[in-house]
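Structures given as structure tokens follow.
One chain, chain A, appears in both complexes that follow, with chain B as partner in the first and chain C in the second.
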Partner chain A sequence: MLDISLGQLGSGSTLLALAAALYGAVAGVVGALRRDARLQTSARLAAVATFLGATAAIVLMELALLSDDFSVSYVASQSRIDSPLWVKIVTLWAALEGSVLLWAWLLTLYGALLAVAAPLNVLRPWALAVMQLVQVFFLGVVATAANPFTVLPLPPADGPGPNPLLQNHWMMAVHPLLLYLGFVGLTVPFAYAMAALITRRPGSEWMTQTRRWTLTGWGFLSAGIVAGGWWSYEVLGWGGYWAWDPVENVSFLPWLTATAFIHSVQVQERRRMLKAWNILLITLTFALSILGTFLIRSGIVSSVHAFGDGPVGPIFLAFFIVVMLASFGLIALRWDQIRDRAELDAVVSREGSILVGNVLFLAMAFAILLGTLFPLIVEAISGEKVTVGAPFFDQVSRPLWLLILLLMGIGPLLPWRRADSQRLSSNLAWLLGGGIAAGLLALLAGLRGLYPLLTVALAGYNLVSLGLLLLGVVLPRARISKRSVVAVFRSYAFENRRRFGSMVVHFGVTVIAVAVMASSAYRVDEQLRLEFGAEVPFQGYELRAVDRFMEESPQGVSAGVEIVVERAGRTLTELRPRLNLFGQNPQLIPTPAVLYRPQHDLYLSIAGRLDPEAEFVVIRAVQSPLITWIWVGGLIVILGTSYALSPGGRQLRERQRQGAVRA
Partner chain B sequence: MRRALALTAILAALLGTAPAQEEAPGLLLEQRVFEIGRKLRCPVCTSESVADSAAELAVQMRARIQTQLEQGRDEAEILAYFQERYGDWILQDPPKRGPHLLVWLLPAGAALLGLASLVVFVRRWRRAAEVPVEVDEADLERVRAALDRG
Partner chain C sequence: MRRLAYGLIGVVVLAAAGFMIFRALSDSLVYFVLPNEYARDPGEYADRRLRLGGIVEEGSVAFDSDRLQLTFLVTDSIESFEVQHRGSPPDLFKENGGVVVEGRFKGGIFVSDNVLVKHSEVYQAPEPGEPIDVEALKNSLQ
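Here is the complex of A and B:
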């Protein structure tokens, strides 16, 4: 019998995939330069081969994880025999080496899709070659510096298991995957942008080609960020969801530039402006996702989510520098073609509002990047240690968010080119009326403070804006066609998926804005001492610690308290906050218990230790108004994005027409 | 007249509902503890504040904040107390002096610079929009010929 280990097979598959990617990149470039169709086809086949090789590597890694093959280094350092099945499966992306492998695999998947499904044109061979070069980098890292398949000569009998924080919640299975899908998805428009520069076709062709890729990537990235927030809320035990932790920040930076990008591409599509700017934005988005990986993986920023060091950080930094030099060099080389000779009729127009919005998104990205790196910079220069924490980011980003909300309401109501002043002032009157009415209502309801009142006012203003947008298209059509408003609305929403989807997304953002404000400005924290059996009041609830419990599972030990929650004499539920220990890991993980309610959440977690002898337990109780609506809003954003992407309406008919022509 | 009535009604409603919130003094104190805790870094944690951390040291620091509040100290005094013991590093906000001012000023500067360059570009683009497109006779002739043919 041949004696080949899973580790060797895995390394072999990675090397095959790497070789195929390298060949594909070279063949693609030469094929595109010589306009050699056979070489181009060969590059496409190589993309498929790369995908197959990377898939084999993923499958082998999963096999090694599931069969507890501790001769494979990654399994030995990250897995444990007693972990449940789902934990073993997701251990693939629980640490650095596996994550890079997963990222590489997703890149090869998108590359193969591009090779097979993207329409043939001048851009495709170059875009594919750029994708393959990125694959070469990632697969190269997997094959060398972060090889998860290294064969251990003396395999241990068991491993330590993945980071306990990751085993604590099923969300962890989803959150990194969504983020990677987002980052990789946004690599496609970057590749096309580079192709556009290389082939001297900086028009809007590359953007319309990649519109769906961009929106898909953006949707996954948004979903990943919201999922990460929910994971923090359910796991970290302090009742919040966003701590402005460096790792959170660096995942947020590409989102900001990508959001600016999906808005400003519309200006280029409609008005042929901003060619250079759009290329710059997508380049920044891609580069920031690489920079983020460097910051997280190098361990130079301390963070709750940072896992492991190693040589991978500097390698990503080098790649970041190469990407920046290459793409900016290319931009400079083609500057004459992409320089804007644009015309702008009026600032008060759709394109004007998008331009200002772009400045705000970029300013926010700059502030967050600066705040994240500032402690490093100061320490490198003066050796002094400073902290740039959540209050800084809150103070800096809040005014920018409010301005963005302001633009989000007025922008979509403005026509392209130039706003008709009569229409504009009537719209503005409605918007301001809605804003002031919402602000006054909030004041009557007892809200105080500039930030909460402004947020509610802007939410009202945005709701009026959405109403005006819909009525503005539905009412005239209903009048002309004599159909009912509902019927017109339905056909409008069905036909104009992109436009209607964007309204849904903006609605979701409004919901999130209010929920973020309410849950942070009106949050109540209390540390409670619960004597067993006694009722302790908290914000209208009666909390009664009933008993301690202890559960043992193959995964580890979990100990906690059963707390009966009553309100007005009625028992609502029993919450079981706990402390978890996983395997041999000494780290105690407090796991909160949450009562989700639409008006506010009741969030309990055990503070400090759980003394088995004591007559009482100390609990951290948090009441956060409306916090659930952050997740609901996130879901609305995702639904809106999916709706905008769904084929239907005009697109579907166009495709049918094309099909009919071809037939 | 009617407008004046409406305004008075609104004002009355506003005044009537002004600070109606009555909270237990203990809870208020506790809120202050967490508020101040959010401005301090937990020394043994990775990027968590004293308010957020469940670490024992953070719990002790919260207790210390509470005792100091009970002794009548205000927020600035309590923050200074911790700053003296742990250095500037303990503050979640970088101190607003010396080179640290940069982290506060640069974001605002970047936003202003962005808007200013936008203004410059917009001016240029608007001037471009005002200049009528120049077409020379030869081009025009070519277009006419193409149209005739089409």
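Here is the complex of A and C:
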């Protein structure tokens, strides 16, 4: 009988993957330096081998989780026999070691894709080598400091199961995966940027080649952040989705720099400007994703999502420093080639608006980073323990977002280089008209306060902007071609996927802006005492606690209250907020029940304990106007991004043409 | 000339942004204090949002379920203050347990809008009558 445990096999696969990545990086660099095609090919094969090794490790970990093999340390510390199948599967990314393993695996997947599918050119060997170096770091962490495969000599009979907050909602299966796909996806343009510096080709080649990777990574990151917000909303029980918690902030930072990046690359493609700036942005994006991992995992910033700490934090900090030194050193070394020689013709131009928008995104990233790190700075200087409250983040990000919305409306209407003042003023008149009309409507509807009114006004202004953009291309074409406006619109949207996709994304952002404003400025949050059988009014609803209920499953115990929700004498639904207990974990997890409605959500959560003797129950009731539209807006952003990425229109025809030429 | 102008605008914008950020930061710093630290210098924390940490004093908890008013004393064995909180006591809230409340002092009473229960493994609550290791308490609540 072969007597090898899953843990040993897993460690072995990780080490094989690590060795392959290390070999690939060395062979790639030497091969690129010597222009040795055979070495370069072997580096590509190594990338595939790394992927296979890492895949084996992932499969072995899943096998260990599914077969309850508690001799594997990660399974022993995170899994439980009675967990349902889906929980066991996603337990892979429920804690640090598994998450790093997953991150490493995604890196190897992207590396293998790059090795197999990326077009052959001067950049590819170097980009692949950079990817492989990053893989070496992650696989190295998996093999050493955060080894999930450590074999326990005395395996326990059962484990505690994953963090109860994570088992409480299926969203948890999706949210981290999306974030990692985003982070890893944005590693590809970073690798190409470094390759461009090394090979002294800082033109726009590296970014046109990674355009799809960048947009895909950005899309996943956006989806991951929205999904995380929805998870918080559905699980954490306070009726909000974003608390400016350090863990949330550090996922938002790379998103901000990546968003700046996907805008400013256009300036370089069109105007050959901002070379250094773009390299800087993608470097920051990558570095911030590493810094974020360090901040969360080191436990140096206190967070409600305390996901444990350990030796991994400092290792990530060291890697962050190495990445910063190496990439900034490289930027300094090549400064002569990447500094801009062209000058901005006019601030009032497409590139001017993108540049200002970039500054705003970076300012927001800087302020949020400062706010997140400030408690550390204060403690280091004065020894006082402080936290930076949500008001700070609201105060700095709101005006910046309003300015970004302002630019989002006008920017796409401005031509490159220099705006013609007559067209500009006619466009501006329309935009301002739309903004003022929307603001007045909001005022009539009873909205008060600068921030809500400005947000609605800017939303109206942005809708007009999208209308002008579409009409500006569709109407002249329809006039010339004598086709119907609808037909022209359809062919325009089909042909110009990137452009039309970006309009859809901007529309989604507008929807989110209004929803965020409404749900925070007009939120009602109360604790109510519901006596069983009695009707209690809340914001036009009548809430009636009918009975307690208790459900037992192998997973745990769930106790709650059935609450009938009526409005204007009509029963709308029955909500069942509950408290969940998972396995042996003593922590009660309040699980809210939500009535989703387009105008506002009704969110009920049990406050405190559920006393089986008492004739009443205390409920936290939250009403948030338009909050559902945040998730809808997020979906629109994702759809727009996917549409921009979908092959079709021009690309399809280009490919056909190339095919024809080849034939 | 143009470069200089852009540079100047940039500097002004950055300075303004820096000033706004700094002001917003200092306005929204929430200090974490133990009762004795607050008692030493109440003036320093006047009109500020605070996080007050300590132990829920034994026998001090009262919950008026009609008005949903929770009252208890939070102590570090040197000083103690009354905390008023509107809402149900959170799960795992218990006497002699660690707690952090967020809110403001109003006339010597701490009016809280958030009660966080801390069940730290690091800190061992002492036997009644024994003095509390204040430093260890503070670290365990942070």
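General remarks:
Note that the second predicted complex is superposed on the first by the 663 of 663 C-alpha atoms of A that agree within 3 Å, B and C clash if a C-alpha of one lies under 4 Å from a C-alpha of the other, contacts with A are read in each partner's own complex, and residues count from 1 in each chain.
Methods note: a residue touches a chain if its C-beta (ideal position, glycine included) is under 8 Å from a C-beta of that chain, and two chains touch if they have at least 3 such contacts.
Nothing here was measured: the structure is a model prediction, and the numbers come from that model.
With chain A as the common reference, chain B cannot sit beside chain C without a clash. In the superposition on chain A, contact of A:Lys482 is made with neither chain B nor chain C.
Judged by the touch definition given at the top, the superposed model places A:Leu444 against chain B, while chain C stays out of reach. Contact with chain C, but none with chain B, is seen for A:Phe616 once the two complexes are overlaid on the shared chain. Counting the residues of chain A touched by each of chain B and chain C gives the higher count for B.
In the superposition on chain A, A:Gly371 makes contact with both chain B and chain C. By the touch criterion defined above, A:Arg529 lies against chain C but remains apart from chain B after alignment on the C-alpha atoms of chain A.
Contacts of A:Pro590 after superposition on the shared chain: both chain B and chain C are touched. In the superposed pair of complexes, A:Gly237 makes contact with chain B only, with no contact to chain C.
In the superposition on chain A, contact of A:Phe392 is made with both chain B and chain C. When the shared chain is aligned, no partner comes close enough to touch A:Arg570: not chain B, not chain C.
Overlaid on A, the two complexes show chain B and chain C touching the same residues of chain A, namely 302, 343-344, 359, 363, 367, 370-371, 374, 378, 384-392, 396, 527, 590, 607-609, 620. Across the interface of their complex, chain C is touched by residues 302, 343-344, 359, 363, 367, 370-371, 374, 378, 384-392, 395-396, 527, 529, 579, 586-588, 590, 607-609, 614, 616, 618, 620 of chain A.
Partner chain A is touched in their complex by these residues of chain C: 2-3, 6, 13, 17, 20-21, 24-25, 27-32, 49, 51, 65-66, 68, 86-93, 138, 142. Listed in rising order, the residues of chain A touching chain B in the complex are 236-238, 240, 243, 245-246, 273, 302-304, 306, 340-347, 352, 355-356, 359-360, 362-363, 366-367, 370-371, 374, 378, 381-382, 384-392, 396, 400, 440, 443-444, 446, 524-527, 590, 605-609, 620.
Chain B makes touch with chain A in their complex at residues 10, 13-14, 17, 20-21, 27, 30-31, 34, 38-39, 41, 45-49, 51-54, 56, 59, 62, 87-95, 99-100, 102-104, 106-107, 110-111, 114-115, 118, 121-122, 125-126, 128-129.
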